[in-house]
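Quick heads-up: structures coming right below.
Same chain, two partners: subunit A is paired with subunit B first, then with subunit C.
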Partner chain A sequence: MTTTVINKERSGAVVKIDATEMETKTLNTRLRELVAGGDDKIRIINVCGQRYIGTDLNKPVDIEIIGTPGNDLGSFMDGPQITVKGNAQDGCGNTMNSGNIIVHGHAGDVLGLAARGGTIFIRDGVGYRCGIHMKEYGEQKPTLVIGGPAQDFLGEYMAGGTLIVLGLDLKKGEGHKAKYIGTGMHAGIIYLRGTVDKYQLGKEVGAAELTEEDKLTLERYVHEYSDHFGTDAGKILDAQFIKLFPLYLRPYGTLYAP
Partner chain B sequence: MKTYLPSRFLVDRDQSRCIQCQVCVNQCSFGVHSYDASDNLVKANEANCVGCHRCVVFCPTNAINIRKNTLSYRDNYNWRPEAIEDILKQAETGGVLLTGMGSDKEHKNYWDHLVLNASQVTNPSIDPLREPMELVTYLGKKPDMIEIDQKTGTLKTEMPPQIKLSLPVMFSAMSYGAVSLNVQQSLARAATESGTFWNTGEGGLHKSLYKYAKNTIVQVASGRFGVHSEYLNAGAVVEIKIGQGAKPGIGGHLPGEKVSLDVSKTRMIPQGTDALSPAPQHDIYSIEDLTQLIYALKEATNYTKPISVKIAAVHNSAAIASGMVRAGADIIVLDGIRGSTGAAPKVIRDNVGIPIEMALASVDSRLRQEGIRNQASLVISGGIRNSGDIAKAIALGADAVYIGTAALMALGCTCCQQCHTGKCAWGICTSDLALTKRINPEIGAQRLSNLLRGWSIEIKDILGGMGINAIESLRGNRLALRGMGLSDTELQILGVKMVGS
Partner chain C sequence: MKNLTITSNPYNDDKVVDACSIFGMMDTTGRRFSGKDVIRAIGNMHVRGNGLGGGFAVYGLYPDYADLYAFHIMYLSDDAREEAESFLSCNFRIAHKEEIATKPIRAIKNPPHVWRYFMEVNKQSKTQGQLDDDYVVEKVMTINTGLADAFVFSSGKNMGVFKGVGYPEEIGEYFCLEDYKGYLWTSHGRFPTNTPGWWGGAHPFCILDWTVVHNGEISSYGINKRYLEQFGYQCTMQTDTEVVAYAVDLLVRKHGFSIETLARILSAPFWADIDRMPEDQQKLFRTLRQVYGSLLLNGPFTIIIAHEGEMIGLTDRIRLRPLIAATKDSVLYLSSEESAIRLISPELDKVWIPTGGEPVIARLKSPIHSVRKQVAATKR
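Moving on, here comes the complex of A and B:
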């Protein structure tokens, strides 16, 4: 589908939308119109549960959301940068292709499901089944950075990309709680800050210390995290990290009778 | 310990006809035929023969015949050769038995127990060669009522997005990777020429096929391979695949060998890695979640396309279908137990799911009872063999059918059930470039269009015989059917009367 785009001088002016009692469809239609009209900075206030914000936008526009966006924030998204001053719900970044999502709060279940590109930063914790089936292809590589802890099935079937869980609000001596981490994982990398027991990992996952290259990657993303949320990167990095990687490129290659 | 799996077939080579040209050697992708230079003879390793008949068709002197191996076990109703040999294979490998195509088991085929009506004396039949016959079918949500502007005679009601089919037959989902690009191109061209639709399956849409986009249904499945906004917006319909008849409830593993450079580009995964499709879509654990994905796709395509949801026909299909319609699906697709696949565990293919005839009848009845049948079109698939099956399906309540196996047969498939090996000698279900070039998309499209043309004429004949001139008049008209050799319960579920009554 082609959208008629009116090329407007990048004025830098921020367009404000008040989403009070606005239906999902109305809000998204308005966003589509604004972006098609050339606006590239949009601030939406009083957001309360509206779904699919940013879904049909395929340009690198800046969207700031004040409030609580609903499920599937930025699903199938291709390019925009969304900043949420509040919490995200389930399905944030679902099958996202490119762009950035920054959440100043926590996020629900299935964060970044099957994402193929872009970055997602969540300041606090996330729910279950996050990063399932993320995959990378060519230059496209999805990255999820989660400040708090994550729940079970983290990175299941992971087929590429980088998943970082900082577990910042875990108490001293307390390990990660998530189970079935990386079940069926066959590509990509998970970095966990803090400790995890072997029983919590999927059978297809290996654990190792970080190499110098891993540390560079991690530093880059932790600094970016700290830039977004005003935390002390040095302090975050001054901790034990563990790298989880796929043991097999074809985890189910021997499942079948020839 | 030695086990012996007898060859399924024997190769008869008439030496008086064989000219040692070695066409069979080159055509066989399973390594049956070989040329022995010292004897100047073409020989056969029958253990590898799958009975696909590629060599028979291409032998220039008709020297080859393929027969069933008659090696006998002691007769035993329970322990037939297949049961014994499956155990031997698993005892040796410890693996899951894989197979291809639809179930070959003797599940009751209800189409064969249904007969159609015709007009005699009391109303005239119609000659379709003389009078116009309407097969055009629209798929998509229909409004509860329509309003027409009295002055202009135009429709005032805003219609939800529809797709228009010249005949109620579409090509079902077969992904690039499972089938070759030449097969998809044949399907896409035939769909375009015949005014119907083909379905990408879950392997993405190859760049070269975007030009057929307006006749393309793009699929979104659990692997989300090749799903991006350009893909979603290219298709005429977006179809969410929850399940398929050949393997209800389980995912798919496209082995790395089949993920060639081009397949990897289209699926957007690295070359040679397994393409794993998880069993569920992890963002759909309930009807409410399905609503969410349906509307995510509607948002992603700006409410311009019907959204279809495909499920395997299972015990509670009727209740599930009701939920799907209420979730916002514009088209629902049911795939029965005879539905085909490029690869599935044999135990699932042959034992899970229900026949499509029963699923169709119960879903259509249920949606009518609930007064929501107009809210979604109903498409069925899973073993549709001919225009007779299609007419019966329409009479049972389907809006249209998908064909998969029948379409592949038009391209040469002989149903040897080796799709999962990736060695298809007919070049259909393989990504081996030496084999895929055996399908010429131009000829393939022509053969598929021929099949659809033949079926259209036959359906018109059936309609004419009944004295009706539009497929719409047959749709859901179960009085046009009678059942034979069926129990009261079966007749009741099908909603048809016994022959003679």
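Moving on, here comes the complex of A and C:
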């Protein structure tokens, strides 16, 4: 494999990296060096499959990605804001601790896997098992906002945080298609815009109407979503939402030790 | 290859796990293109494999010999070739044979000798009423189970498989695949974890012109294998994916099912999902599950199946392995990762993540015989 010399051009305060044919390790090493050296605005172009971009970074820097970042974008990240002009692949936001990821496109499977903080906005839809085993503790609370629909096992084994699925692509009168929503869920909240049948929900999930507090949370995130992607927040909010919550604290508590 | 079974899988435990990269690309107009982009795309997913297997299947490959069976055979010794060729000349009319061109590269170590044969079935040696395809399957099984150190790994018409131990981009270079053209290419980078990688165990797996590349683990391998043995298929490659190739041949070619129904047998809907279907469909799907329960593929998988004129992407019912599909003009792409597609086609008309268990199918727009004429006219 070849390593390409980094094309670094200073244009104002923005550092530019051309990732053409660059290996994952080279790119992430460069990002660590830049952030350690005090650079706080980085633009990476021609990204095509490099993994773990932004991993391990622990300062509130801005990273803009042009292209298709590889799996586990922003994994273990603690503070940066990553904006993707393109689609994200699988495992985006894996175990992230804080920061923001904003994707102007769709994301693949297991978005926000085991995330423990931070916010992820996806303009379009997402794949399977998004929000799987997200968790929260004290002030640390991850939030995922998904513009399109989600596929099956949304919020599987969810242990905290907030999942918002707007389903903006769904046609009028069309319900969500995801099945096994919230299977094994034991903490956290899922808000769905639109309708869902009971059979689509995991056995550990209850459905309820939104409280005033829920509505405030939703409004905040929908407005933020609209700020990022230029949609009409009022229009999005003017729809039916339901809240899904865990029925049990320990759904499998007696599975192996009755 | 009987010895290999002993040396490379001493426990003979039928267990294989892999996590791989797969990529497929088909121009539905039948336009043939070189392997260059396919090699780049699968190479972009380098980290998904570990260098213990790479391979390609190419369709529309041999227009000059489009109506003859093209065998690709790997030999571990010169004796093996002598023995196999004497078997072939008794059972086929060999129109042409040659060693497959390779380019020595450092990454490829101890390669077997790989030969290709264009052949017609010897009508006299067929049993009465036997179809040519059945005859060919029988002979492939005879060589693969009976002759030491000789392996038929490609046996269809106007198509071919190239594979071996190495990263797929290395295998592509080794077999000079930039110099070949086809309208449909599939490829694979392997990450075997439970059995050693060896040349025959690389993907694609092939019988007649069916090929399969696979990412995942087929936990039902034992059940599938024993079921297929009843129909004369012998699993000899020590890798779970092999059963898919034979299952597809049995279900589509011999039992006459459509690709859509094939997908519903391999990746059958859950009983709970069947219960919610309209009544006539319930009856159909219950019957399929009952009759072909032994061909249900259990465990996590994404596969790309190909044969003349069609490419099919399919995942297990709950999509435990990734698959992304995209189109650009008349080309359909299937891949483990979107970036591999974007590398060779940055602007796409449509990109989507298929639902688990629902096949994504690309078909040639015009019937295959007219394409054959067309590719014969343009040649290689």
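Everything below uses one rule, namely that the second predicted complex is superposed on the first by the 240 of 258 C-alpha atoms of A that agree within 3 Å, B and C clash if a C-alpha of one lies under 4 Å from a C-alpha of the other, contacts with A are read in each partner's own complex, and residues count from 1 in each chain.
Definition applied: a contact is a pair of C-beta atoms (placed from the backbone, for glycine too) under 8 Å apart; a residue touches a chain by one contact, two chains touch by 3 or more.
What you see is a predicted model, and the numbers here were worked out from it, not measured in a lab.
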- prompt: In the superposed arrangement, does subunit B or subunit C reach more residues of subunit A?
  reply: B
Query: Counting only touches as set out at the top, which of subunit B and subunit C does A:His106 meet: first, second, both, neither?
result: second
Message: Looking at A:Tyr199 after the superposition, I want to know if it touches subunit B, subunit C, both of them or none. Which is it: first, second, both, neither?
response: second
- request: Check whether A:Ala36 is in contact with subunit B, with subunit C, with both or with neither, and answer first, second, both or neither.
  value: neither
Message: One more residue to check, A:Gly127. First (subunit B), second (subunit C), both or neither?
response: second
Query: Of the two partner chains, subunit B (first) and subunit C (second), which one does A:Asn94 touch, if any: first, second, both, or neither?
result: first
Query: Which of the two partners, first being subunit B and second being subunit C, lies in contact with A:Gln151: first, second, both, or neither?
result: second
Task: Once the structures are superposed on A, label A:Asn71 by its partner contacts, choosing first (subunit B), second (subunit C), both or neither.
output: both
Message: One more residue to check, A:Arg51. First (subunit B), second (subunit C), both or neither?
response: both
Task: Have a look at where A:Gly184 lands relative to subunit B and subunit C in the superposition and call it first, second, both or neither.
output: first
- request: Report, in rising order, the residues of subunit A that make contact with subunit B in one complex and with subunit C in the other.
  value: 1, 24, 51, 71, 90, 153
- prompt: Which subunit A residues qualify as touching subunit B in the complex?
  reply: 1, 24-25, 28, 32, 51-52, 55-56, 58, 71-72, 75-76, 78, 90-91, 94-95, 97, 110, 113-114, 116, 129, 132-133, 135-138, 140, 153, 156-157, 159-160, 184, 186-187, 249-258
Query: What part of subunit A is in contact with subunit C in the complex they form?
result: 1, 24, 48-49, 51, 67-71, 86-87, 89-90, 106, 108-109, 125, 127-128, 151-153, 177, 180, 199
Message: Give the list of subunit B residues in touch with subunit A in this complex.
response: 89-90, 92-98, 222-224, 227-229, 232-233, 253, 255-256, 264, 268-270, 272-274, 276, 278, 282-283, 292, 295-297, 299-304
Complex contacts: residues of subunit C adjacent to subunit A: 44-47, 272, 276, 318-319, 322, 324, 337-340, 342-343, 351, 353, 355-356
